[in-house]
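A, B, C, D, E and F label the chains in the order they appear, each numbered from 1.
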């Protein structure tokens, strides 16, 4: 029994059907607990005041935005090398979630930046590379949408994901070289290694768990949708030929 | 009940509102698409199985 | 391969496109910028290196869909796929032809346009050097984008969307080199990075482009 | 006429192009500008109104060749010329469809992109208003350019070259209105001029476009 | 109603290709044009359809009565077969497309994107457009290219019922269509010397 | 040398259109494929030419031996007829184009831009490309579309001398070419059910 067997759509549908409700409920619980804990029951930071509460949304979504791209990279590689359709469809299913996460990170960051840095947006390296990541997501989704044949689309988007990842890393270095930046600069009293007090840290962990589980639930759900759509179109085609 | 958010109330509430709207949007979109394709597939399957 | 290069250059000249139009677009962008941002020469000379790089990039971008789309539409790509010519060589030659017809004229004309934007005199050499090092990367990356979108009717805008984030590192180092040059600072670091990117993409990206093109043809 | 409008909108959506991609290009231009000119926010906010107008203009420009070229290539224009629909109406409808799929989304999204460039807060309303008044002119003028170049394979770059000078007055008044707005000055004169241009081209240019198109078809 | 062509000369690329052509097609009749490659059939048909001005002579047909069909069918690949036809039906103000779909057996393909059709299926769609145009004069340039035997029969039927309802058809073709129609060989009308397009040009020749 | 196809299945748009096709063409022979519109002839020929992967089965031909010609001829409108042919001659490393020009009577058109040719003349140019490719196996999709009687005869001659010099031709067509060749009707091989592209896909059906 190897892991690859779950690349078979039937097996995947069976397994994901069992995992999905658990992931969904757990993510709901974690999110509600974490966010309520963070919003209502944590003290204000002495310098940032109540804005510190934004961290419970900002950091998990930023983490997810990056990690979803990593997951898409891995599934794209699996498609290119082993040509398992579920893998390609999982990458397709994950992209819109990645867009949502990137947007949340960007928006919460911008709202946070207004009181902290006095500006909604600054061309700080981290912010900038996030914007570039956002563009990669958009391009990836647009390419999927523009191509009719599924396997062709899977091949092309996988290669785009690969090449894009390399360029994303290159951009990250380029942007760092280009501007020193504000993010995590002197205005911040929060620095994860030293200063994050446990009062902030534990609810943050719960929120991160909530976001991870939410992603798992959504990506399973969306992959199931993609598989069903493929099956429906295959059956329709068979009907037409009969 | 409501914690005192001080002068940053707008920012914090705005961030929470925007994020929750986006989260709900992606969840709702996924569920809606799931329902729609499932209905479409069931439709085809029913026709096939008589 | 020589035949393909000669044919591409000939087509670029005959079709009334090629050399002239990329330049013209570059010119027009540089001319429109003062209308957009206002005519203060101090402001213009600050933004000149960046605008010139941007203009070159956009002029490249606009001509990308010529690289492959025409050959796709009239079936030449199908026939080339059957021909005794590796696809990697074909896409490299096409990138080279694009650079010769678009990138190189831009490099040569850039000093002229820099005049229009009041570029400080120290900035000319670094500008030209950075364009010379950077534009080949733009052509090669653009060929990859063109190969990705070749099957899509009027994929022009999608092509831009896909290619522009890939252009970011080149643009950053290129504009940074030109900017530092104009400010009289040391330009060696960004120029070295730029050269690194260019050689990297020339060595590696044609494989990705060829793979993508093969997928699109089938 | 309604049939043509509906079909054009449908094509824009189906072809995976339409609404999204013009916007995406606008976004990308605004993103690339800081990479070109550097990240200093004071500088960016000075040039923001001009750059936003330029970005909108270029996004329009890039999508112009979709207006007529596809219909030309597959013979639809020949057939439309035989159909009981005056050519003037056809080109007007096509310009309208282009504005709805490209101009309008740009107007709506502009404030968001203004944020990225640190536009002073007084500038938002004049920017949106000037774009709302000016982008229809861009679509109508662009349709004229598209009609001029429709017979030319990959006339994209030539099209830009022809159209850009025609865009200059619109750009000048539009950017001026946005700039004055951002500086807190009175914007009524440029806005009135802009409105005048727009109504003028909407009333007159379709006749020229139709004439040119008839010549190109024969 | 009739289509009358009188001492017509047509040009392509500024050079006369056919000259002194006269013929007349009555309602209910078809005329088949024949001639070797490059003689100027396409040019002639485009002139008659009003897509390019003739060099000389007159073309007499009621206004807005001509439907033209050539290799480029104006088919949009991203629209379905039905949407493609409906568009033309609306443009020509006819509305109903079921009979057109039926005449070329397109019903099973109706909801398929036109881009996913084979060469012959696309051609059938292009011909179905003639039916929704409800125009009396059909001007067709090699209409049966890529069609198989069944489809050619459908085409012959469509032409037949078009003619019997008083229509006119003018068809350029190289192969035998099995139609009962007059045949005109245009080869004898080949232009001897390239003509100038108008008097002002005369000085150049 | 021979072209052998064994239990081949081909797909278009991810759906099988023909399955279980086997045939073999020896050197010096031609095979004509027939079948109604949309049966999958074009798909089959593209698979044999190596432009798309087959779903199943094998295609056996010497490497780099196939020249493919379809509706899209890869003709550049701004280049002259001679330049178009010379390009392909160089790509295939053959060099001499005079015999190809001669075979399709293109000499008088040689210095004309290809965009200024009529439909049939363009087609002749497309066929002349086969001669400069010097490939032994010709895979042709409806090669005689738009050709007049003379040009069809030129085509038959070209095929004849290609075969007599040990070549192979595989031709899909709807009309009679007057060639002495075997005919294969592909209609019986119509795919019954769309097949999955590989095992992992099974679950989709």
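Rule of thumb we're sticking to: a contact is a pair of C-beta atoms (placed from the backbone, for glycine too) under 8 Å apart; a residue touches a chain by one contact, two chains touch by 3 or more.
Bear in mind the structure is a predicted one, so any value in this text is a computation, not a measurement.
Student: Count the smallest number of chain-to-chain hops linking subunit C with subunit E, moving only between touching chains.
Tutor: The fewest touching-chain steps linking subunit C to subunit E number 2.
Student: Mind listing the chains that sit against subunit A and also against subunit C?
Tutor: D, F
Student: When I count C-beta pairs in contact, which pair ends up with more: D-E or A-B?
Tutor: If we tally the contacting C-beta pairs, A-B comes out ahead.
Student: What whole-number Å value describes the gap between the mean CA coordinates of subunit E and subunit F?
Tutor: Distance between chain centres: 28 Å.
Student: On a C-alpha centroid basis, what's the spacing between subunit B and subunit C, in Å?
Tutor: 42
Student: Could you state the distance in Å from the CA-based centre of subunit A to that of subunit E?
Tutor: 56
Student: Based only on mean CA positions, could you tell me how far subunit A sits from subunit D in angstrom?
Tutor: 34
Student: By the touch rule stated above, which residues of subunit F touch at least two different other chains?
Tutor: Only 13, 71 qualify.
Student: Hey, what residues on subunit C touch two or more of the other chains?
Tutor: Counting only residues that touch two or more other chains, subunit C contributes 15, 152-153, 155, 158, 161, 164-165, 168, 172, 218.
Student: Where does subunit B touch two or more other chains at once, residue-wise?
Tutor: None at all.
Student: Going by the contact rule set out above, which residues of subunit D touch subunit E in the complex?
Tutor: The contact residues of subunit D facing subunit E are 2-4, 7, 10-11, 14-15, 71, 73-76, 78-85, 217-218.
Student: Which residues of subunit C touch subunit A in their complex?
Tutor: Answer in residue numbers: 144, 148-149, 151-152, 155, 158, 161-162, 164-166, 168-169, 172-173, 176, 189-190, 193, 197, 205, 208, 211-212, 215-216, 218.
Student: What residues on subunit F touch subunit C, complex-wise?
Tutor: Going through subunit F, the ones touching subunit C are 49-53, 64, 66-68, 70-76, 78-79, 83, 87-88, 90-93, 129, 133.
Student: How about subunit E: which of its residues touch subunit F in the complex?
Tutor: Interface residues on subunit E, with respect to subunit F: 12-13, 35-40, 42, 71, 116-121, 124, 142, 145-151, 174-175.
Student: Subunit D touches which residues of subunit C in the complex?
Tutor: 15-17, 21-22, 24-25, 28, 32-33, 35-38, 43, 46-47, 49-51, 53-54, 57-58, 62-63, 65-66, 69-70, 152-158, 160-161, 164-165, 167-168, 171-172, 175, 179
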